[in-house]
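Per-chain numbering from 1; labels A, B, C and D assigned in written order.
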Amino acid sequence: MVATKKVGILGATGTVGQRFILLLADHPYFRIHALGASSRSAGKAYQDAAKWKQSQPIPEHIASLVVQSCSSEYFKDCDIVFSGLDADVAGDIEMEFLKADLVVFSNAKNYRRDPVVPLMVPTVNTQHFDIVPHQRKQYNLTKGFMVTNANCSTTGLAVPLKALQDAFGPMSHVIVHTQQAISGAGYPGVPSLDILDNVVPHIGGEEEKMEYEARKILGGLTNDAAAFDMMEQTVVSATCTRVPVIDGHLESVAVKFANSPAPSVEAVYEALEKYQSEAEQLQCPSAPHKPIVVTRLPDRPQPRLDRDLHRGQAVTVGRVRPCPVLDIKFTLLVHNTVLGAAGSSVLNAEVAVAKGLL
Amino acid sequence: MVATKKVGILGATGTVGQRFILLLADHPYFRIHALGASSRSAGKAYQDAAKWKQSQPIPEHIASLVVQSCSSEYFKDCDIVFSGLDADVAGDIEMEFLKADLVVFSNAKNYRRDPVVPLMVPTVNTQHFDIVPHQRKQYNLTKGFMVTNANCSTTGLAVPLKALQDAFGPMSHVIVHTQQAISGAGYPGVPSLDILDNVVPHIGGEEEKMEYEARKILGGLTNDAAAFDMMEQTVVSATCTRVPVIDGHLESVAVKFANSPAPSVEAVYEALEKYQSEAEQLQCPSAPHKPIVVTRLPDRPQPRLDRDLHRGQAVTVGRVRPCPVLDIKFTLLVHNTVLGAAGSSVLNAEVAVAKGLL
Amino acid sequence: MVATKKVGILGATGTVGQRFILLLADHPYFRIHALGASSRSAGKAYQDAAKWKQSQPIPEHIASLVVQSCSSEYFKDCDIVFSGLDADVAGDIEMEFLKADLVVFSNAKNYRRDPVVPLMVPTVNTQHFDIVPHQRKQYNLTKGFMVTNANCSTTGLAVPLKALQDAFGPMSHVIVHTQQAISGAGYPGVPSLDILDNVVPHIGGEEEKMEYEARKILGGLTNDAAAFDMMEQTVVSATCTRVPVIDGHLESVAVKFANSPAPSVEAVYEALEKYQSEAEQLQCPSAPHKPIVVTRLPDRPQPRLDRDLHRGQAVTVGRVRPCPVLDIKFTLLVHNTVLGAAGSSVLNAEVAVAKGLL
Amino acid sequence: MVATKKVGILGATGTVGQRFILLLADHPYFRIHALGASSRSAGKAYQDAAKWKQSQPIPEHIASLVVQSCSSEYFKDCDIVFSGLDADVAGDIEMEFLKADLVVFSNAKNYRRDPVVPLMVPTVNTQHFDIVPHQRKQYNLTKGFMVTNANCSTTGLAVPLKALQDAFGPMSHVIVHTQQAISGAGYPGVPSLDILDNVVPHIGGEEEKMEYEARKILGGLTNDAAAFDMMEQTVVSATCTRVPVIDGHLESVAVKFANSPAPSVEAVYEALEKYQSEAEQLQCPSAPHKPIVVTRLPDRPQPRLDRDLHRGQAVTVGRVRPCPVLDIKFTLLVHNTVLGAAGSSVLNAEVAVAKGLL
C-alpha cells in the first residue's frame, strides 16, 4: 500500500505535534500534507516555526513545509486531521473542523466527555467506532467525524484493566498511583528547579481525568449505538505525581473484582499475556505485536528500559501479586508520548482505515 | 545540662553512622566517646576510615578519633550505644552488646520483630519503653536494654496514622505507595545507571517490612507490660519504589476507618495539626516542635522543599482529600536518614534519658 | 550590635530576592524594612506575592509584609536597598533610586561596566569603594551610591585569581570552563526537558561577561580614585555550560603567568590557603572564615558536597596541577546564589558599614 | 553479502559487551558465534549470565547462547574476536588470543601504547592497518593481529582534530574539557549518591589517556610501516569530569595551530563539513554517512538530542568561535558507548574486511 491518505496536523509545532510528525513521516498509509499552528507560526517554514526537541532530526521533507493557521480552509484536502492542540484552543478549532466535515483525531481533552465522541485507546475499545454513524447524523456530516484519545495515564491503565475485565468480569474498585514523566507536561513544561532531586505530588486535573475516563473506555455502547454505556460499577481512585523521568509513566495499580473468588496471580499473568486487540487482528501497521508485554522480573517494568518496547505502543505489566486490602496489585508502564498521546491517535486512525470509515 | 552521657556508635563509617555523628557532634546530652566499625577500619583515624559523603564536613573533634572493632569490651564506658550496623552483621554484634549489659539503640532490622524489643518511632510510641523492665528480666540485665527504630518508610507512615487512630479510632485498611530516596540504600547503594531518568518499582523486603511494622508500632502493650499487642485489625498493603531523589521519602496513603461515618477532610486536617508527642512534652532537645507539619498547598509536600523542616524530625502531611475507594487519601514526606533512621534513635534515647531509664 | 540599618529589597519575589530575604532575616546589622516587586505583586502580602522555592520556609515576620512597587518614594527610609531585579527593568529603577540619593547594592548586570560604579566581589576588591566619593560627585549625591556585584561565575573565578595575582604577579592568559547550576537561571528558568539527562553547552551572554568582568575586578583604581584601571594584560577565554545541578557552579581553570618561571603546584596551594580578604579583617559577620577553602582530595570540590561550606560565602579550590599548555590548572566551586549573587551584595554592604560609608 | 564472518565477544556480559551484541545481532557481515565471560558466567545461558541494562531487549537468538570461559580454545572458529574485557584481565587474555593466531579488536586500554598495535578511530586513522604485516612478523602469526580502539573521550576529540589537521596543518596546542556520561564507567559504575545533583571533577587516569592517545592517533607510520610516528608537536591538556548524563560525552576544545595565520571560523566550519573518512569511502555498513555532523545552532550539540545521530557513529561539532587565548574554540559530542567504544571496534573490523585483512 502506498501512502495515499493526506493528513494534516494541528498544533504541529508543540511537543505532541512533533511526535505526530515523527510517527507519520514514513507512514505506509498516511502522507503529511498540511501543518497548522498558531498565527505566530503561520507562514513560516516548519523548521523555523518549531522549537524541535526530539532526539531524531526533523524529517527532511517536513522541514521546509510552510505552516498554516488552524483554519479548516487550509485543510480541505486532508483525509484526516490529527490534533495536538492545547486544550485552551482545541475546543473551538476542532469543532470548526468537524463542522467542515473533516475527520478529526484529537489528543486534547475538550471532547473526551462528549456523549457522541469516542474516547478511544486503540488496543482497548475500537468497537466504539460504531457510534460514528450516529455522530455524523447529529452533526449533519457526510464523511467527517471526531475521535479523541485518552489522557496519557488513563491510556496505560485501560489496557490491562480491559484484559482483566474480559477474563474475570468487571472490577468493583481500582486504586492507581502514577509516577509521570516530564514530557507529559509539554515544553517548556516543568521547570527544572521543580523536579531535579524532587517529586511533585500533584498534577492539576489529572486524577479527575483518570477517575472518569477509565469508566468510559471500559464501558460499551448502548444497543442502538447512539450512546456510551459507562462502566459505572467500577470505582476508581487516582493519585498522580510527577517524577524526574523524561518519557514513560509508571503506574501502581490495585484492583478488586466484582466476582469472587478473585483470580490467582498466575491466572492474571495468563490473562494479560494472551490479551489481543482488534488493532493487531486488523493488521494495522502501528499496532504492537502484543498490546501487553508481561515481565516477571521482580524489578520491572522500568521507564528507561521498557518504554520503547514495540515502538512505544505496548503497555508493559509486571509485579502481579496479591493485595492484602483489595485483590491483586500490579505495576504498569506506558510510553506517555507514544501510546499515551500521538501514537494512540495514529493507531486509532489506522483502525478507522481498516474498518472503511474513510 | 552539659553533655555528660558517653555514647558509642557502631557502623560509624557507613551512611547511617555518618548521620549519627552529625546529630551527636554538638548534642546537649550526649558526647561521642567511641566509634566502632569493621576490622578493616579498626585502628584507623575516623577521617581515614570513612568515605565521608555528607554536605557538612566531619566535626573536627571526631576526625582524629581512632575507630575500634565492634566488640563490647571497647564500649564498656558508654552509657548508650547507637548502632548503624548493616543487617548482615547487626544480629550477632548487637546481641553481644546487650548481653554485656549495654544500652543499645539500633537502626537495623534484626530485632524489630523480637517479642520483647520495642520497635519505636519517637513521636509515636515511646510508651513502649514500659517493656524495658520485662526485657531486662528476660536477659538478666541490670542497666542494659535494646530499642530498635523502624524502617524509614514505616516511620513516616506511623506518625499520621497514630494521629488519626488517636482521633478517630483504628483503621481497618491502609494502602500506601512510597517513592523512596536513594540515600535509603546506603553507599555505594543504587547505581546511577539504574536511577537516572528512571524509577525502580521494587525495593527488596521493603513492602513486607511496612505491612508488619506499622501494626507493631500502632499497637499497645499487654496489661502486664510483658508483650506487644499488635494492631491486628489494621490491614496494610504497601508498594515501594525508588526515585531519583537524594533525601526524603514521599508516601501516598489511603485509609479506611473501622468506625463509620469516616471523619471529614477538615476533621482529619485538624487531628493532624493538633497531634502532640510525648517527646515534645518531655522537652527532648531533638523533638520537633510539631511532629506533623500540615501543609494545605495543593502541590506539597515535596522532598526537596520540605525534608529539612524541623531539622528532619517532623513528618509533613498534605493533600488530604476523600478517597472514592477507601475513606481518606493524603500525602506525607519523611526525611529518611533523619527521622527515618539515625534521628529516630537519637530522639528515642533522649526520651529514655527523660524517663530516667539510664 | 543590634540590627539598626533599615534595608529594602527590590525584586523581592524572585529567586535572588528570596535569597536576600533568607540572608537578611536574622542579620546582626540589617533589618528588612521594605520589599519591592512588580506592580502585579504590589499591595499583596509577601507570602501571597512570592512563589517561594527555598528549602527553608519564609521567615515569619516577612510573610505578611506588604509588597510595594519599585519606586524610591516607598524606600526613602531605607539605609540600604538591595536589588535582585532582572536586567530588563533594573536599569531604570536602580538609576531612579540612586538619583533619589539612596544606597543601592545591585545584583543586576546593567551598571557593571559603568565607569564610576564598582563591580565588587566582597572577598576580592573592596578597595574599589574608594571611588564612592567620585561617584557621589558625578551624580550630585550626599549619601547615596551604587555598587554592583559580579556575574556568579566571574565571582567564583575572581577569588583564586586574586590570590594568585597577589602572590605571583599578573596572569597573561586564563582559560575557564564552567558547569553552571540551574538556579542561576531563576524561576521558572531552565525547562526540565532541556536539562535532565543532558548538558546545555551555551548560556547567552555569559562568556562575554566573564571575559570582561574578571579584568575589572582584578584591576585597581587610578591614583585619583576617579576611574578603574582594568587588568588589560590578562586575556580571558570562557566557555559556559549548564548542567543538571541545583546549586553550585564548578569551574575548570588554566592560567599562564606573565612572569616566569611559573610557581610550583605547592606554591599555588600555599598562596590559596593563606589568602585573606579585607572583609574578614574587618570582622564582617557574613565574611567566610577563609575566602578560599583548599581541598587536596583528588575528586573535589563537588557541588553537592562543598557548596554550603562557610554558609556559601567561600570558594573551594582543588585539583591544582601543571597544565601542559599554560602553566597551572585547578578546579573551583562557588555557590552561585550565595557568594555568586545575594551573598556578595550583603557582604559588600557589611564592608561598607565597617568602612563608615553609611 | 550474507553474514559469513563468525565473531566472538569477550566480556560479553558487561556493558561494552552488551553494546557489541546489539551492534552485531543483525550485522550484514558478522554473525555472533561465541560469547566469553568470567568463569562465574561460563556454562550459563547468556540471558541468565548477563544483567542486561539496555533499552532494547536481548536479541532472541543470543538469549540462549551458552557463555564460555575466555580461553582461545573456545574461539578457534572465530574469524574475529571483539573484546569488551575490563583492563584488569584484558592484558593476559587478549595476548593469549593473539598468540593463538586470532584476530582481536579490543576496547581495553592495555595494548593502546604497544609499539606495534594500532590505536584506531575508524573515521580517523584506518591507514594504521598498514602495520599489521609487521605486527604479524613480530608475533609469528599467519592470520591473527590485534587492533585497539581509543578511550571514549579521545575518540570524540580525534575526529575533528584530524579534519582540522588535514585542512590546516598540525596544531601546536589543544586544551580539552570533557563532561562525560555515567555509562562510560560501566555497571554498577558511578553510585547515584555521587552524581545526582552533582558533578565529579575527576576521572582516574582519563586525562593522561587523552593527552597521550590523541597524539598516537593523529600521527602516521614510519616509512617502513614498522612503527608509529607520534604527533609530538601537538601538546594536549585535558580536564575530565563526570556529569549526570546517561550517554554522550560533551567536550569543549580550544586549539592553536602551528601555522599562522589561523583559519577563520568559517574555514573551520567548512573543513569539518567536508571531512570524509576511509570507512565511508570503503562503504562499510556501520560507517556514518558523515563522520562529523556540523551544527550551527547556538546551543548544540547536546547529549540527549544529538548522541544518536548516524546511529551513534558520528561526532557532532558546533559552537566554532575564536578563542581569545588560543586560536579557535568548539564543542563536540561523541556517543561514548557507540563510536566511543564497541561501535569503533565494529567499524574498525568492517574496514579490515574491506581491506582484505581477514
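Here, a residue touches a chain if its C-beta (ideal position, glycine included) is under 8 Å from a C-beta of that chain, and two chains touch if they have at least 3 such contacts.
All values derive from a computational prediction rather than experimental measurement.
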item	value
Winner on C-beta contact pairs when A-B is weighed against A-C	A-B
CA centroid of subunit A to CA centroid of subunit D, Å	41
Length of the line joining the C-alpha centres of subunit A and subunit C, rounded to whole Å	49
Length of the line joining the C-alpha centres of subunit A and subunit B, rounded to whole Å	43
Where subunit C touches two or more other chains, by residue	53, 196-197, 244, 246, 304-305
Arrangement of touching chains [line / ring / star / complete / other]	complete
In the complex with subunit D, residue positions of subunit B that touch it	53, 182-183, 187-197, 244, 246
Complex interface listing, subunit A residues touching subunit B	173-175, 177, 179, 196-202, 204, 211, 235-237, 239, 241, 243-246, 250, 252, 254, 298-305, 318-319, 323-326, 329, 331
Contact footprint of subunit C on subunit B as seen in their complex	53-57, 196-197, 246, 304-309
